[in-house]
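Next come the structures, one after another.
Next come two complexes built around chain A: one with chain B, the other with chain C.
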Partner chain A sequence: MAAETGTARFVDEYQRERLRRLARAIRHNTKAVVGLGIILGLVVLAVASPMLISEEAANQMNVQDRFASPSAEHPFGTDNFGRDMLSRTLLGVRISLYVGLVSVAIASAVGVPLGGLAGYAGGAVDDAVMRTMDVLMSFPPILVAMTITAVIGPTLNNAILALGLVYIPYFARVTRSEAISVSQEEFVEAAQALGERDSYVLFREVLPNAAAPIIVQASISISFAILAAAGLSFLGLGAQPPTPSWGLMLQQAKQYLTQAPWMAIFPGLGIAVTVLGFNLFGDGIRDVLDPDASTEFGVTDE
Partner chain B sequence: MTDDSDTEDGTHAPTDVDRRRFLRATGLAGAGGVTAIAGCAGGGGGEGEGTDGTGETTDDGTPTDTVDPDDIREGGTLVWGHSEVTQNLDIHQTATASTGRFLNSVYDSLVGLTRDLELSTDPNVASAGLASDWEVGDDLTTYTFTLREGVTFHDGTELTAEDVKYSYDRIADPDTGAIMQFVFGSTESVEVEDDYTVVINQSEVYQPLLRQLAFSGTSIVPADSGDRLGEEPVGTGPFRFVTRQQGNRAELEAFDDYWADGPYLDAVEERTVTDPDSRLTGIQEGSYDLINDIPLDDIDDVTDDGSDDVETRTWSPLSWAFLNMNNDEPPFDDADFRKAVDFCIDKGALVEGALFGNGEPTASPSFPASAFRNEEISPREQDFDRAAELFEQSDYAVDEFDLTFKVTTNYPWHVDAATIMQQFFQQAGLSVEIQQLQWSDWLSQVFANRDFTLSMVNFFTFWEPAYLYTSLWTSDGSFNFRGYASDEYDRAVADAAQASGREEAVPLYREAQSIIHEDVPDVMLWFRDGTLAAKDTVRGLDTILSPNNSELDFGRVWMDQP
Partner chain C sequence: MSSHSTPPTDGELGSSAAADGDDHLLTVHGLETVFRTEEGTVTAVDDVDLHLDQGEIVGLVGESGAGKSATAESILRLIESPGEIAGGTVEYDGRDVLEMDESRLREFRGTDAGMVFQDPTGTLNPTMTVGRQVAEAVRSTDPSLSGAEVRERSVAIMERVGIPNAGSRYDEYPHQFSGGQKQRIVFGIAIASEPDLLVADEPTTALDVTIQAQILDLLVELRDEFGMSVLFITHDLGVVREVCDRVLVMYAGSVVESGAVESMFAEPRHPYTKGLLASNPGLDAEAVEGQGGAPDRLRVIEGSMPDLTGAFSGCKYADRCPGATEDCRRAHPGLERVDLDGTDREVACYRHEAIDDIEYTYDHEPRTLSWRAEDERAGASAEATPGVPDAGGGRAGDDPVLSATGLKKHFETGNLLDDLLGRGETVRAVDGIDLGIDAGETLGLVGESGCGKSTAARAILQLHEPTDGTVVYQGREITGSTKAELREIRRDLQVVFQNPQSSLNPRRTVGQIVRRPMKLHGLADADERRERARELITEVGLDERHLDRRPGDLSGGQQQRVAVARALAVNPEVIVLDEPVSGLDVSIQAQILNLLSDLQEDLGLSYLFISHNLSVIEHICDRVAVMYLGELVERGTTAEVFDPPFNPYTEALLSAIPGRVETEDRIVLEGDVPDPSNVPSGCRFHPRCPHKIGDVCETEKPAVHDPGDGHGIKCHLLREEYRDRVDWEEI
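Moving on, here comes the complex of A and B:
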């Protein structure tokens, strides 16, 4: 019992040290810092905007005021129903982040354990899991997501679920390759030698030490998911009116591009900035983790 | 070309012939036509009907249309940017206006129809029929038709009485699933007297029979062609069906042995362009020669821009739209609840917000100038207090539901209308979520399987009251997917069909409208204006629109190009 606790503490410290070093490396990477800055800014907007703007106000129609160009009263202009584009664009932040985070949470909640299992167990289990994932990956994600939402019904939550499902293989693949290398580590052997159950070794030893590349994958997947969800909404398969979702706003704006370009510009910018933020952050961390790169984190042991 | 006086009368820029048709769209048989003065729909209250019907033929008054036949150039392919996806190609089964619009040039009906919606045997009327003569027995139980001779089907066989008998027997057979099966509900037999004479024997009076035989839903098909009609339509019209890739494109080819004048074009190529803006861009850039349904927000710009490159036609009404409530299910099995919903909706705001003013609210689906139109009913004004009272009276609480509003993206303005109505419902405390559906999904879920609570759709070709009021609201009507059932209503419509004449039927159809206005099986929303735009090389534009205000006939269209 005492030995076990000791081992756990030792591993925790090891992990904490790894993460601390990772954090330090990230701070020195401009891309990661800018990306993180954008993400944090969006999170603040996502939390603050619903407090300042009610959804009712953002859905408030005033047809007399339709297609008003940007002005002091409506800084982002108004749409075809005379709704204020600023309020709608700001409320869109929360929806976008919600879509990105939840779908990636679903994908990683399934993909990470599956990939970990495949990598750690190897052999037939590995083959069974990964070949299934290969089959899933052979279809373009947006096509699979469209099919799923068309079957289970077009709502925002179904789109999130569909995207979560299509991104599972990506997480499984990344996790597996990392799990294979972590499984060779001495602390894993030690845990096995101590007679720990496989589930304990997988979830407490292997996966926590495979976290870094998964974080990169998550960050980049979030931006993909946000884009894909906007695409689904644009096609009428995601968020439904009058939800102030950026994809849906673009769909409506498409009809009025010449007379009210602001209906497309601001939600479009929103998507672009959000995707940029997550991509920069993900890219930055990947640079930091790249063993070939001359970052201090690239060297695992001094 | 068109005036843009979007006046109260809502006729919104009809051409001369449109206005005249509009005014005479009543068609009291034998009464020489009945016209209402302009403004009938807005304020006339049904007053001001006067007889007219002297001296006007169907194609006078359209200066743009009087062309010396020698000037007509033959040849060329007309590319048509079509607003909707065509569905089942079986002309007897198809329930969609999109398919009718496409197949109208392929088929002919037995009975011809003039622009003024009068029946005619004249081969030169707007929608010519295959009967050169008919005789109706005094007691309305026998109809004897004489067929035109020398009419050939696209498969090369000659039209005979056998084909007419086959067509009508096929429609009457419940297994066919024909939309106009009800037309032959009182038909005892269809008999071939000789090659060019066919007799319909009726077991009881069905006064609207002749008019229903002018619908494309009762088109004449070759004997024994039933099984392949869905794949390969074969008719007697000016154009032959060549191919269709559903949702993408289709082709029609000139039929050289067409029995009347024309066609002048070599071919018509239909491109399915459901996105309104792509249609407009396409015609402005020259990819299409003709489009139907100019984007609603651009209609004024396109019709007024004075440019000679694009010609337009505007008419009213093209279609009539209504909110569908599933009368079989809570909460819409409760009439008070339905009426409350009606009180929630500001129809004027809908027309402005979703149609950009290109339409007008209506309480009755009958054509504005129709003698059958009940002018005593008018759209309910938005009144949230009345709505609250009625919700209170109903068996349900307004806040116990989370309703789904299924709306098709096939008509993008329906999505806009749903979005506006959702706000109205929210103000009344009724929670509604919108679900957008592709047209084919809408047709299968809402129309065929009745899997919906709340929806909306529009109907075309509703010029004839028996067709309109039978198919939409009688308890076994082919378009009654909302499940409305009222004995009182069924009786009124059945009595109207059995009336001894059309004049006797008028009060009965008006009563039917009052009944549905009180029962509110559906909320009537609007008449929408129809529009066409064509390159200036397209001639005979005034002949394209079928008298039924929806379908297109390319038989007399030609292109003035080298």
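Moving on, here comes the complex of A and C:
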């Protein structure tokens, strides 16, 4: 709030104390620490890898070196075009994170307000929104995403958009149930009694207090989205060759599984580690933010 | 009463107590329980000595955080991590509970001791029929019983604790029982093994006053029948007076005074006990009389319970004690035995001899909020505020500030499908009530839970759109106003809720919470808002550093003060107080009640005060409206309604207040408040009415008798008849 800048100094001091407490609670949670460690490592790789390896170099075919098994020169081996798997796997980190973050950003940007509206308004609005979401959810996500990309064209960004749309109902559901319980709180009624507009109550009173499960949902959805994007690429509906996307790399490896298993192992490991990182972090954060868990942060703040 | 109490200096352990030949069933000596938290070690139970004799009900009383429950749980060894029993002995029937091995401990908990907790809904397993839950307890006591015998005994127990048609209700689930009945079943489970010791932890706190009276009666009956000893934990001094033989007052983990109940009420020797009694508006104890403070203010204990982390130097109560001296800061005093008129008393105070000189006082400098005066001047001038004129701004005669006529609020249950099939039910939460609040007065709205008090308030405030009826504020009808008009009116009608933890957004600072209403209604610019927030927060008895805190860092009383400050921020005329003190400890409750009285006096506010607590209503309200099942059954000035009560329901409510002196002609209402979707015919109160005349009550709706002085009674018994009847009975 712009008007509150005068007390910003105090608020900051106070915020810092709260963040310190949150940080301590997270530190005490092994799952969150390991998950966060993995995520941070991946972020560093995503930032650093394009500086060290150029994408052109990674896409450079070298037919003499095809199917080279892991060695000092090519620690992860080479693929059927003789491209270095290490560079390609490392560049894949960036694509995976991009896919995960952007699709979840799209899903939450639409799903959270919709779910909040449904939960806060209730009644017919709730029914209308949630039944629509139910219809969307009744199809397997990957099938819907495939249909969408098949219609709008198979590119990486379209795959991201499709995944974003597919995950909207999950965010709407989580947000709605939390918004319902927050709306029961008396501070929401107090705000209404003060004459606050509904939009203010929804966005400033209800949703900020519904954040915890949404954060958890987001971090777990990122891993699902990465997995699904890999699946789409694998089916040829996501990133197109020669993009170093893990899903695409797996698809190519499929034909040579016995001949050059490293082509499948390293991108697969990449996916597994990334998914594990976000899942662990999501799980850990849930424990930390859960008001029923007897962590200090949960007790004092939720 | 036993003449043997445990002398703390003796250091007696083990069998020596039994060798004394006393009849202590339970002797607790030097019990110490600590909780290890990140902030440090909290000594929740600090060197507590207590004993229970056969067949005795001993009260353990104190405010929240005093260590009452921790003491009880330590006695049954139910303390869980991060708690830990650090020392002491709990001797039960010659054996130390703290030394028992697992199997012996299970046997002790299973057959020797029973426990009843505050919330019956949480105690009973919702997925199991109540019959099976009782049967489980029966079987664990005597595994040799056959299935049919177990059932027979379980039904007998359910009947014993007052479940009608126990046989047929055996197979029902907990949600099919009312709160009072659930608590009866919990009592049934606890007594299934015919224990010698019953620990009851706030067993009536979650219940209505009428239901509480039933449960307390049951407890005393069970004690008489089974000869159990009961350790009764409560924060309510009235309840203690009602059922207990002896009482121990706990403060910050230590017992500060113990003795026989009546003598303690008549002559408290510890300043904390005296303060608790004085803060309690409902108790007509002798200790409460005396001078000091304005007549309509309670004498309060300032401050709140100290932080129990780390070591203490000095008396734990010294900071709040009006009689503390330098000596009190040296060390916490031990319990000292005093003989008072032949009854034993133990008190932990250096200055207990001088208790008569330790007086709680309450002073308040009358003042007003700076801008309020300005606004009033501005309001009186020609400048018309878009809202409604402020107090004194030419209101016609003595019309009420806020009035409701024929107000109804019905809820339809069920969804669209049920509507089509005609299955939905109408819940008549508020069914035609008339209320009027005059300027500067407090109107009390009282009734059992589920009678529609809160719904009525929300309908008046237009938070729920009323089904029917009109609400008039300062001569202007506000029912059916547009959203924009309502927003203006909301400035003048504010509300304070019951639960301050929930009524303040946990993610805002207090400053943001208090400034927001002013910003919303454009009452001042940013600097002015900050200035006003400081003034408001001081006015409600907090200080400026609280502005940067978040609600989670404040105590319940402080949070409620913030909620009051938020309501005041828009300069309202009427504040609806929905159970504003129900969730608070008695000393904090007294502080808030005084604050509300002060604010009313200083600022000329009108209050609609909703409460189920008649003592509080009687203390603070000018006029009272009694509500039952969505209707008003009586209204008038507080004196007219309460002294003496004319409507049978009012009479029953009043007589259910625990701790009043005259208990002989108590009326204990049977049953619960009926379902508002299916109201009884005729007079809605007739199924429970102790003075039902006959068929007329069942068939005809009673009209309101109003002899013209504004005192309306809704009952077939006319006022005169009622008085006659009472007189007749007295002769």
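Some points to look at:
Rule of thumb we're sticking to: the second predicted complex is superposed on the first by the 265 of 302 C-alpha atoms of A that agree within 3 Å, B and C clash if a C-alpha of one lies under 4 Å from a C-alpha of the other, contacts with A are read in each partner's own complex, and residues count from 1 in each chain.
Here is the rule we use: a contact is a pair of C-beta atoms (placed from the backbone, for glycine too) under 8 Å apart; a residue touches a chain by one contact, two chains touch by 3 or more.
Nothing here was measured: the structure is a model prediction, and the numbers come from that model.
When both complexes are overlaid on chain A, the residue A:G236 reaches chain B alone and has no touch with chain C. In the superposed pair of complexes, A:E186 makes contact with chain C only, with no contact to chain B.
For chain C in complex with chain A, the residues that touch the partner chain are 38, 416, 458, 461, 463, 486-488, 490-491, 493-495, 497-499, 502-507, 509, 511-512, 515-517, 519-521, 526-527, 529-530, 547-550, 552-553, 563, 566, 570.
Every residue of chain B that touches chain A in the complex is listed here, in rising order: 275-277, 295, 297, 349, 352-353, 409, 412, 415-416, 418-420, 422-423, 426, 433-438, 441. Those residues of chain A whose C-beta lies close enough to touch chain B in the complex are 56, 59-61, 63, 80-81, 150, 153-155, 236-237, 240-242, 254-257, 259. Remark: chain A residues 1, 3-4, 6-7, 10-11, 13-14, 18, 127, 185-187, 189-196, 205, 208-209, 296, 300-302 touch chain C in the complex.
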